[in-house]
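In what follows, subunit A forms one complex with subunit B and a second complex with subunit C.
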Partner chain A sequence: MNNKIKRGVSLYSYQEEFFLRKMNLEECIAAAAKTGATGIEMIGEQSIVGFPKLTDAFVDQWFGWMDKYGTTPVCHDMFLDTKRFKNKIMTEDEQVESLVRDIKFANRLGFKVIRIIVSTSPEIMERAAPIAEEYNVKLGIEIHSPWHINSAWMTRHHEVMEKTGSKYLGFIPDMGMFTKRLAKVMTDRMIRQGADEKIVEFVCQQHEKAVMAEYIIAEVRQMSQRPIDNAVAELTRHNIYNNPNSLLPFMDKIFHIHAKFYDMQDDYTEYSIPYKEIIEVLKKGGFDGYLSSEYEGNRHIQDVFEVDSVEQVRRQQEMFKRLI
Partner chain B sequence: MFEKYMIVEDDVQNIVENGQNTGFQFGARLPYYRGLGLSMVEEIIVTIDGEKIQQENVSLTVQDKNYTMAQMEIEPEARWEMGEIAHVQVRKKGGLTTGEHKLHLLLNLRVSYMPFPSIRQSEKVIKL
Partner chain C sequence: MGPLDKYILTENALKTNELGFELQFQSHWYRTLPLSCMDFSLKIDGEMIDNNLIKVVANNVSYTYQQLPNLDKEFLFILDKATIQYPKPLKVGQSYEIVFNLDLYIPYILVGAEGKPLLAGSKVEKVLICQ
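Take a look at the complex of A and B:
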């Protein structure tokens, strides 16, 4: 099928190696490019020492890397530290100012989209829209599980998109909202931390049967008083599943996609998230942005296993090549 | 997340002032996937061999600059970067004796998009 889905990698995926200084920023870009992905996504506050400051020399080097590896800057992920100070929430003006800082940062490094952290209010988006337009950087609110595209919070964001008519406001769905079965790397870690294996089995089965999280949590509470067992049940609240078709009515407002994954198998499937179904929906909807790898398995295995983010991303990108 | 790497166990020394051990310091990494302004590191709780150190006796050196907990609270610009090894200084008369010690570190991070504090902890046996 002819389609316009492009492949990208968020450098977040290599966080284990980057954290431990096993890979530097250039090596992360090189690893992403080696998979055949062309889009680079980056969290400024992760990858750039001294964020948000940028020197001219760094900016030159950045675009030099993009040329060298045949990649394009696609998305910068921002944070809004509303609780920057203890017992004092940022004012709306300060929040807009913080977002403008990120818009300028993204613009300088050639990113055309910013991932807006989910906690950002629709009011801030509305105020920032004209500035985003001025700098030609689109703002996509991240829809991250347990939110889904029809959550009340997202409906309010959608209302602002409609009201302003701004082409610079949209969505960035994280595919973690399509967790069809709980990640084994998560439940295995919790078993290592002492969770009861029978409770883990029960919770996984209930989640796969699509029993509502609140019911699973309430049932487990009656089976065990141990915090770790109840934390297993809580996984169902934070790892939701809903029908990928739910994205279809909003497809023209989806700027970019976080292709979250926890555990790519040898057979090029993801254990929890049904990418075959998801990509069918994206094709059907005519999605023409980047499907950006976001590996998040490291935190669940690093206590006992060697993390190999490069191989995990390679596998996911290979799966995308086959499915797109 | 990253708890395993919070305490840099091969980076522990006594602090010597005027020939006296006045405390000890150890390497520490922020257990998070991005850097944070210091004002968002709400607590650094050090427990050594079961003894909890008072907050006023704890400070942090990041990029060669030392901050008390009170100074950190009002410092949003200076950052503890992702994966960066900073040093936690502990004032403790006599420092640590030669040999093994049990070191417990708790970091309480104020991550704005989370509706609860991000509390991460690790315990390691360190050797002097």
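Take a look at the complex of A and C:
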């Protein structure tokens, strides 16, 4: 038994109910806590009116909720809006300024980690590291499929971590990079949108056999000219699988984990992402951060089903309880 | 964009008074975006509304359409609505065919060789009774 892995929930998981006003921010925190998770992850731009400004009253209320529900702020998810203007891109100075804004925001709400959006360059990370240290907030670059931990972009980030020796720079892997089977909720939606069922079956089989995405895409292009069929093939490019053991050499630099999922089954397994294998690797590597639920199945079923994010997160947390 | 498009305009979104009509809209992107990343076009009963004549009210502040591209710090929260005001009154109780295109330029997802922001567009077609 390894008890070092902690359980958290990203409030992003409840986006459907939040948007439809079925749950407010406090109710999202309460739902997360009810699963037994203790860590709270949040997107400031999603959950907080007036972001990035924070009132004293809100900050008091926030920590009041943390006390009330026995939860801890764990991770704030930042964005780098480099293209806020149509004809102008942010300069490097402006990017650093934006990140510093998020560091201060996270610090004020007690978050010890920031999920850095994958497009952020290693140079920006290097410049922000001393400020992160000053505010005691770690910066973890998100490793989001189709990137994986050995992608060239991540290698560059790793080089900066090594060069600076900063304990405040690291990784936040998103478990979507371990998509062993394409999510059925995704392919079913595409069938509803008119995708050819035989092509869907072919693509799923090829992906499970670990055939390279480019080959699958090229093959499907020969089979059909329809955009929807080719979009099914493209899923293989954006939902990669690589061996979870690839995380092991970098375990000391993994601050936090996005436990992405699309479809928790009745038997407490996730259809497409092999969490049993993943958690074995995390235990083996001595990961002691938070495994944070990130439900993203809502957008694939909302056209035909009522989304129940609360139940989906509950099932994933139950699975974690059993596997950790 | 998808099934949540139906929430962009609610059934009571169209209102009028003696100065003109108002149309309230909401974005359903999962996070708040600045007004500089939004664009729209509106047709009522087949007539295209001239954006040069509209005002957009967000967070209780009124802007012209021409100001929108520069409003990078004015965020429309995901649960809040913005209002388009146009100086032409409509008739209370009358039905109008609305075609509203809401284009969101996602500032953190850059696509293509030129690094353009991802365009997430929604087209809403609804018959609304003017309130």
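Simple rule for what comes next: the second predicted complex is superposed on the first by the 323 of 324 C-alpha atoms of A that agree within 3 Å, B and C clash if a C-alpha of one lies under 4 Å from a C-alpha of the other, contacts with A are read in each partner's own complex, and residues count from 1 in each chain.
Following the convention adopted for this analysis, contacts are C-beta pairs under 8 Å (C-beta built on N, C-alpha and C of every residue); 3 or more make two chains touch, one makes a residue touch a chain.
What you see is a predicted model, and the numbers here were worked out from it, not measured in a lab.
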{"item": "Fit-or-clash call for subunit B and subunit C when the two complexes are aligned on subunit A", "value": "clash"}
{"item": "First, second, both or neither for A:221, with subunit B first and subunit C second", "value": "neither"}
{"item": "Touched partner set for A:68, first subunit B, second subunit C, both or neither", "value": "neither"}
{"item": "Which superposed partner A:303 touches (first subunit B, second subunit C, both, neither)", "value": "both"}
{"item": "Touching both subunit B and subunit C, residues of subunit A", "value": "12, 15, 18-21, 43, 45-46, 49-51, 79-86, 117, 119, 299, 302-303"}
{"item": "Subunit C - residues contacting subunit A, complex", "value": "2-4, 7, 28, 30-34, 36-37, 69-70, 72, 75, 77-80, 105, 107-108, 110, 115-117"}
{"item": "Partner subunit C, residues of subunit A touching it in the complex", "value": "12, 15, 18-21, 43, 45-46, 49-51, 79-86, 89, 117, 119, 299, 302-303"}
{"item": "Partner subunit B, residues of subunit A touching it in the complex", "value": "12, 15, 18-21, 43, 45-47, 49-51, 79-86, 117-119, 299, 302-303"}
{"item": "Subunit A-touching residues of subunit B, taken from the complex the two chains share", "value": "1-5, 29, 33-35, 37, 39-40, 42, 73-74, 76, 79, 81-84, 110-113"}
